[in-house]
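Multiple structures are listed underneath, in structure tokens.
Okay, so chain A shows up in both of these, paired with chain B first and chain C after.
Right, the complex of A and B next:
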């Protein structure tokens, strides 16, 4: 036998107690939706996991009303430290139920269990811990003294990191004192609903977080609802544009985290083995379903052949298959729709003359799968070098000088992230300075930390999530000078006391 | 890297080094060459090693791995208090690691101090490989092991002594002082001289393992350069450690050495072995190394000719795991033999 055909090592699913039907989570309770329920399937097997409720406009109305009530009556009245206690409690419960959440995420999304176990779920807990700490320190969030919450936040999240994107949205919103109505992506509602159970376990006051599942219509109703004060969206640039249009002319604050076409720039003095790992991690992590994925590899001409050679032999060791197996590196594509889009764009790539390569690997018979793919001989005008594929597809381009690398990297309507690989610190900093991207990684890629802000330039959206900057969207500065004066009576107290003493 | 693969493959070690370095093995030429090798990003290297360490090796793969680990062990005793009796006992253990189970494979070699080589050879008797593929090898540490602090003449005499006594493999140490102060040519020349002293009268030669003592080199870049230097000079194996300094074999260090071996194979077609030594004590740890070899170089490297574990206590942990896999339950330290 070959040792590399590791024996199956499937993660046990016995921890998971899923219901056959899930309702909407409104005002602290699961309630039936008024729309037609839909099935959530496992993309690796195409089998149904559960039936999910579909929220219509009336349901969204009820959720927003519950969030408003909770904001007026409870959440806005709590001290920051008390809000923090709830967030700490949620973080600990996420850790306690980490294995269960990881298994559910892999089941519903198709990502390998090693990623949901080692990346997604630990980061979810980290996000809640981080923002729990901010809840009583908002005076230092950078928006001036005594900021206030905005009110009810409408949050719409994508399917690529279902639970992590939920954490990115809910944790800062609650820390800043807002209440939330969140809509998970249609194909990945499951972990949001398990998270609702965690909120019940944590005794979070009813209505502070409401989760409405459903389709595009549900999201539209939520974003357009007159009762919400801010809209936070992560997803495609097309959908983001529609949201920006729908909230134009209202006083809703908007945060958009949209697509990307990141350049991963490898200079000839790069630490080559780590650069290869970084390229692989940059585009094949989470099947390439990553908005900040390093989908354009820019290699210095002198090392192009060597890098491509090494990349190909590294890709041959990637293991594609059952996402629940602990040794799987590449899982399933999340949906048939996404698979069709990846196929369409890669076909166009071939037609436009780029050279396509994939390692030999057997694709399972059921489910949605796509081999890790590299395109060489790609030029900047090719669609695979311009459009976001959102799949395990890498386009390789070359450059000769740092100036050309910067020009090519910036030549995209997007500007979410970029990577630089070099052993020369001065070059690293000089290039980073010229790249128009919100996040720039140097000698690493796809690293996330709750303390670090994340967000894009240009068509990659606006606003920042994570870190102190991530609080800004959820906070309103104290209202001008009048508000500043309102603080002074308290400061005067010692004086008036003195007077009284006289 | 001007010469092509096919040209390099036909050259002898010395000619190949000259062709690659672009001149004689002087400090300046070697420095230029070794510093031209791509660097290592420590964070990235450690991340990759940690990721390889999460592979889950179960059931039939685990069973295969256990027997493979045993067959790759250099069963070692390197104590000042070693006696002929201790060495005989070690050889006994090397030949029948698990007296209760004859299907248990033998280890690859026993590794002892030079003066114990005759005792090891005598104890092995017909089971001594003595240049053949079957049987168990005798490896001797030499060149003023573990510090390497002796004159070249003494080091070479140490090597010749062990080879004449029947050692099949010589584990030499490099002069870390010379390496760290940039006297690359001295390190190179010493390895060349030791390699020469490994030759036997009949024209055959003992295999040369070069110990880099990575714990004293302190950076991964140094480990990489020392690995290239040792291979250029003619090492058959590169080995992490003596086991006598606090930091011995680690997975990231071994990974970085395996990458050199892989690149050398790509460059010249020649196959060099790697031996992590010291600090690998459990079956689980050793399995991570197997995974790292198979996924970094190729699985064919998992053979005694190209990969070894330098270890003493590892064997008993692996044997306990083996008994567990065979019988379904754990035994205990009293059910495996002392060395």
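Right, the complex of A and C next:
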């Protein structure tokens, strides 16, 4: 260790009291699952953290039945303001136990503690706080007067932001008056189960939120369950497609937040230091395990070399290693499977002729790790410019004119997010108009807020989460609402038309 | 001595022109009491694909027009419909066998519905969009944007003109372009509507009208990767669940069939069903 290196500064894990085994959370209680329990491991050490129950189809039945009972008997009978008060309670409890949740998240997911502590968990509290206030104001949600809840929501979430995705799903569902059965990702169940303890502390009525852990079979049983009224899913486009197929022909409402291949467009007049930070944040935040990650850097040709040099120099200062260390910038890849996929796609990137570069850094001996990687000389047909890598891998492409930048940015079946870097407001607004993406960041990237709708165009899914728009999927317009343009019988007779013409 | 009438040849309306089906196929259209009216083009899979190409090419111009302009162009269609009301009434009476009064009422309602939707073009965005109070130095705005190319199976029952208008007009308001499969047995007012569109200020390709068999063409549109949304409003008698399954392959947005007199009734929800919410974060400087 030289005098320029940082000494380890690990976050204390002493405030975390985990159990050795976790059950399913159904009807307000932890119960054993009928499937074979599975281990949750720390991706940074490959050591077991806890054993997690595996819900089979019968368990899913029980959870949906509990949610239906809670909907019929309790939750749909509560006033909006009372529902809101429960959500405010949950927001406060999350804030009180914030550090514990952050430590658990980093342990289970592998993300740097500074991210779980400063981004994930504060946003979780903010999400509940925001939607709590909506619960008694639903007439203003944009779906017409006196909307009603849809009923039981089936929610399936990914492993990249385990607790945050839970909040994105549960907060608007409960505010709108639905009850919930949620399935966390197989590799990251832990914080959802700690959250279940918070629900007990909040004294949320039994069955309003049920959490079933397990694998793909569990998710499939939940999504396909005839007793659920809506499906909210965040995950891969492949899985989203399967869900869209499976609910075809039913009246289940569906929200899908799927993959992305965002373009981060840097014009030659961009504020260059901020842009470099934004590019790094755009693709290396959360090890690149972000559906809206800025994985395609589109840089104007005249500044390409300068931008790439600065990026390389900035990447050389990033610290990769123990996620629990407060100085760590890049943590562990979440699973061996994901690491294998990143390796496969980056190998293909080299084979197809792109130039690969990574900074010198030592990877820990145990756990799943991948060096931050930049590909230059990438063309639009390369797999690394088309497929979602979902890892710390940036593909650099160039353009000459704004028109070319827009054409290249839109040249993807995805349409989740995009970034624009320029000091020229008129150009930024014109480009933003033409980008086919649901979230556009101008001179920033990867910003999230409960008040701001999030979701994609095209194969990045449909529906929005966050903001007023995020309530729509969870609400049903009032039954029998007359057509917006009411026609009186008199208008329909030709006689009255002649009269009107006089 | 009566004058010998000059009957009209009914063709497709694709990309602003009136071609026959590339397949050379036609099918007989008969009035409600069995009298021969016309040989309508029986559009093929390739015609449907050509229609999608035309709709895709027209999208940039139509979606990029100002809201005020789009509103005026849509209103102009209502003006032209008004001028041709006698023709539409005659076609409706022949095809549907209703009284002239009922046909007139249907034309009235179709025109009024165009006017109602035309007026939304420069307003729906204000109702559906909003600024978002995010925690940070950003101006954050959510606005609806057209979904893209919308394929529509027009209502196959009810008023032949009103059903078509009710399905096509809302998709156009935000700037989508449309491929519509007309009422199979009563397609003549759809082609006449195409003539109205051709002589209005609607750019070619913004609306493309196919006549023929919905059952034959719909699967190709549902699975077409360049179709962004699928309105199955008139697909109730088709195997529409499979159309929805085909559409899932590219996450095409789907509106399920509607039946009864309220099918495709006018609503803001119908406009918004074919929009995507775009949220833009603008950084604010520190001063």
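The rule is short, and it goes like this: the second predicted complex is superposed on the first by the 476 of 502 C-alpha atoms of A that agree within 3 Å, B and C clash if a C-alpha of one lies under 4 Å from a C-alpha of the other, contacts with A are read in each partner's own complex, and residues count from 1 in each chain.
Keep in mind that, in the parts below, a residue touches a chain if its C-beta (ideal position, glycine included) is under 8 Å from a C-beta of that chain, and two chains touch if they have at least 3 such contacts.
Being a predicted model, the structure only gives us computed values, none of them experimental.
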*Between chain B (first) and chain C (second), which does A:272 come into contact with in this model arrangement: first, second, both, or neither?*
first
*Report for A:6: first if it touches chain B alone, second if chain C alone, otherwise both or neither.*
first
*So, does A:199 touch the first partner chain B, the second partner chain C, both, or neither?*
neither
*asked:* Contacts for A:93 in the overlay, against chain B (first) and chain C (second): which applies, first, second, both or neither?
replied: neither
_With both complexes superposed on chain A, which partner does A:262 reach: first (chain B), second (chain C), both or neither?_
neither
*asked:* So in the superposed three-chain picture, is A:453 touching just chain B, just chain C, both, or none of them (first/second/both/neither)?
replied: second
*In the superposed arrangement, does A:114 touch chain B (first), chain C (second), both or neither?*
first
*Should A:444 be classified as contacting the first partner (chain B), the second (chain C), both, or neither?*
both
*asked:* After superposing on the shared chain, does chain C or chain B touch more chain A residues?
replied: C
_Which of chain B and chain C A:326 touches, first, second, both or neither_ = first
*Enumerate the residues of chain A that count as touching chain B in its complex and touching chain C in the other.*
443-444
*Would you pull the chain A residues touching chain C in the complex into a rising list?*
126, 142, 237, 240-241, 244-245, 248-249, 251, 256, 258, 413, 415, 428, 432, 435-444, 447, 449, 451-455, 457-462, 464, 467-469, 477, 483-485, 487, 491-494, 497
*chain B touches which residues of chain A in the complex?*
1-9, 114, 118, 269-274, 277-278, 317, 326-327, 423, 443-444
_Interfacial residue positions of chain C with respect to chain A in the complex_ = 101, 104-105, 108-109, 112-113, 116, 127-128, 130, 132-136, 138, 140, 142, 145, 147, 225, 228, 240-242, 244-245, 247-251, 253-254, 256, 262, 265-269, 276-283
*asked:* Give the list of chain B residues in touch with chain A in this complex.
replied: 38-41, 43-45, 47-48, 54-62, 64-65, 68, 256, 259, 290, 294-295, 299, 302
